[in-house]
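To keep things simple, chains are lettered A, B, C and D as they appear, and every chain counts its residues starting from 1.
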Amino acid sequence: MTDDTLKIAGREYTSRLIIGTGKYKSYAQNAEAARAAGAEMVTVALRRVNLSNPDEDRLQDHVSPDKYTYLPNTAGCFTADDAVRTLRLAREAGGWDLVKLEVLSDQKTLYPDMEETLSAAKALIADGFQVMVYCSDDPVYAKKLEDVGCCAIMPLGSLIGSGLGIQNPLNIRLIVENARVPVIVDAGVGTASDAAIAMELGCDGVLMNTAIAEAKDPVRMARAMKHAVLAGREAYLAGRMGRKRYADPSSPLAGLI
Amino acid sequence: MTDDTLKIAGREYTSRLIIGTGKYKSYAQNAEAARAAGAEMVTVALRRVNLSNPDEDRLQDHVSPDKYTYLPNTAGCFTADDAVRTLRLAREAGGWDLVKLEVLSDQKTLYPDMEETLSAAKALIADGFQVMVYCSDDPVYAKKLEDVGCCAIMPLGSLIGSGLGIQNPLNIRLIVENARVPVIVDAGVGTASDAAIAMELGCDGVLMNTAIAEAKDPVRMARAMKHAVLAGREAYLAGRMGRKRYADPSSPLAGLI
Amino acid sequence: MTDDTLKIAGREYTSRLIIGTGKYKSYAQNAEAARAAGAEMVTVALRRVNLSNPDEDRLQDHVSPDKYTYLPNTAGCFTADDAVRTLRLAREAGGWDLVKLEVLSDQKTLYPDMEETLSAAKALIADGFQVMVYCSDDPVYAKKLEDVGCCAIMPLGSLIGSGLGIQNPLNIRLIVENARVPVIVDAGVGTASDAAIAMELGCDGVLMNTAIAEAKDPVRMARAMKHAVLAGREAYLAGRMGRKRYADPSSPLAGLI
Amino acid sequence: MTDDTLKIAGREYTSRLIIGTGKYKSYAQNAEAARAAGAEMVTVALRRVNLSNPDEDRLQDHVSPDKYTYLPNTAGCFTADDAVRTLRLAREAGGWDLVKLEVLSDQKTLYPDMEETLSAAKALIADGFQVMVYCSDDPVYAKKLEDVGCCAIMPLGSLIGSGLGIQNPLNIRLIVENARVPVIVDAGVGTASDAAIAMELGCDGVLMNTAIAEAKDPVRMARAMKHAVLAGREAYLAGRMGRKRYADPSSPLAGLI
């Protein structure tokens, strides 16, 4: 398994589990969860996380950017312009080139606006960013995003924060079959089996926040997710048995006793 | 996690994954899969596995009874009498008290005959056996089997060897809620997420054979299953987030940039 | 469609929808629902429905036994003895030979106790009853019940009054494939599509109570269910298209314009 | 039910089932299916159906435009320009203003290209067409299409011709909740219960072709679908019972016998 790494924008990761930095009780708990998850990348909502005010607890004091790749995201942006502006500011402030783009449509669903998302992706890529992109599970748009140069496609499993799991495995599978860049399910995972299912569909990774942060015991759930992603990945690589409609005895009858 | 052990018939196990000894290419491969799975117990079809003929490869030469608890089973028995007789012979030959009872109904479904199963369970328990029992997912019969003294309830997820996963999670959940002895899903698991789901429902363990033995790479699938059982167990103990119908942003809006 | 009738115990029915007589606001509403459903048979909980006290509203004053086959049932009986006694009293009082047997296990699940159910079925059949039998979805027990002479097998879709639909379509399908007497899904239907699914699996009929009685508009839901049973039956007889993983254009390309 | 009509572009329909005109053995069979379905609108692939060559069988000789609203569609168009051109030609030839727009992405999935679809919709509406639009199940794009003036939103249930049913009921439900124009599930229905489910989600209608045309008995399946759409519609209007996790006896215990 040592050589089964995830390559994004020229870097290699052993872990296929990306976690968030929102909704935790504290950055300290967040850090503990990141360790338990074995994560190597964390996504950071630029508008919500304290990175700069030294009078308050700062993320980087707990989750070190030396140990974790920071993936700044545009949570809370509802237009392409807003998302592009946010990431340009972030690059000036923190030097981040690798970013997660999300352009949302409305507060009720937090679904991505794919038209605005594609437009923002083009602008950012023209501007030299490496763009991982949060998107719907529409295989056609996933391909468009890859074609304009996104370095990872991040389709939703279901609504952000819903914990409903992967609503349309067929679409996720179609996206995986067509993609030559990593596909990472982002949003919708609620528990360990959801993450395993994403990986069994052939995804390259899973990103989650609420499933860990809002579990009764977030650190334990982080550990569960680490195992779940490994389980799903290994099962995908191992090649599952076929499904049969009728029973099949576990071995040919031999009759020894 | 160190103190989260599975107790069956007075013994403690760290692993919650029991694997079979049928359908493998060789006992050597079987042994390698057992190691990869981290299993501590293997089930042995008395009628199918070579334990006694020294001229042929024997299971115990590869999967040592010193390292693995052997759980003899009655696969291939279609009446209570046949199952009871088989296990009595086994006890004489191998000294096994802890057994897995299965009394099947027909070759097409290999579903358990619950009437015969209950009758055999009573006879075996009266005879001093510790009986782990393969059963349908009927919560009423699961309770009857516990009431007559079975030491573990092993409801099917779906048909033996079908790989269809857990067909009726509601019934498995009802069985778990009512049981005071371990509940171990037996039959039906096809891939890693199926095992995780079983554990997330609160089961105490999972038994599988075909899912590992008939994967394209059985040893890798065994490793997947080890992680899957851990993932599901930890997720169950961690307490999953609630499901929501609408989206929920990953953190309260704060607006830092 | 005119010759597609349901034959039970020597009688023919055009309708394949059996409805209950509990939980309605009044017997008048019950009667209206029966008409809207196009039902020809209604099941009557002997312990709950008023048939004899002339000082209160009686079922037969609204749902005439001349127009509807009354199918007395043993709802509320938790042992074989109790069920047998109840039906003997009913036969003395009302002359009913065709009965629906249910022997329940506990108040929480209302699942049938299959051991007691089989025992009661044998006693009733020996006593000259025509027994339609409420049972679990265990194909093995369904066969036993047919073998002792039950004239219809009535497996549950899910828990009584739960509205959860058919939890295990595979089992229902196996029961249908093995049966030479009518199979009628009883319990669990929540809305129209659930009833259609039951019929598409090849069942001969559906029995429901709560889905109609507890709909916001019971009479309208009764009409929905009439259509649903017809829809599912016709779809089953018509033979559905195959499922395909990839798209298939609706017609060969021809290019006329 | 008489006043429960479907209004599209100023016209009222009693039937909520729209059927196709492809894949049938003959236009005569197509006509018979339309009658059995009780359809009042049929969709016509302009590029595939013979409307003009009098030397061959023509659709209108069997399915009369006097009795059925013809809904010309752009099946086979893969760009906005192509779709717009096709419909302009059709209007010149046949005077059709009410059209079904579909702009597909690729032959493998036949998924709509939403970017091109939106662009074509704008052009057609500016040009005076009444546009019913085939689209993905993305609620954000569904809203955009309504906002530019489409008179009906037609999200896919699953891939065209796949018979896989509604893959993502949650999205269909979100589209329905947000729409002020009719929502009609188009593509994916395989059997009767699929159509009932679409209607139970609150859709205003269902369009299907393969499910009927490729059934073993297309006319019988058409009749099944008529009932299925009525069943689902009535169930939606009736208001289904709540789902319960535990059993609920069909009536309060009374004890009359």
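Some notes on this structure:
As a convention for this text, contacts are C-beta pairs under 8 Å (C-beta built on N, C-alpha and C of every residue); 3 or more make two chains touch, one makes a residue touch a chain.
Model, not experiment: these values are computed from the prediction.
Common neighbours of chain C and chain D (chains touching each): not present. In the contact between chain A and chain B, the residue numbers used by both copies make up over half of all numbers at that interface. Distance between chain B and chain C, defined via averaged C-alpha coordinates, is recorded as 35 Å. Chain geometry summary: the mean Cα position of chain A and that of chain B are 33 Å apart. Centre to centre, using the average C-alpha position, chain A and chain C are separated by 47 Å. In chain B, the positions touching at least two other chains are 109, 111, 159, 164, 170, 245.
If each chain is drawn as a node and touching chains are joined, the picture is one closed loop, every chain linked to exactly two others. Listed by label, the pairs of touching chains are A-B, A-D, B-C, C-D.
Taken together, the chain C residues at the contact with chain B in this complex read 105-106, 109, 111-115, 118, 136, 138-141, 143-144, 158-159, 164, 167-168, 170-171, 174. Contact residues of chain B toward chain A in the complex are 1, 20, 22-23, 45-53, 75-76, 86, 89-90, 93, 107-111, 159-164, 190-193, 195-197, 200, 209-211, 213-218, 220-221, 223-228, 230-235, 237-257.
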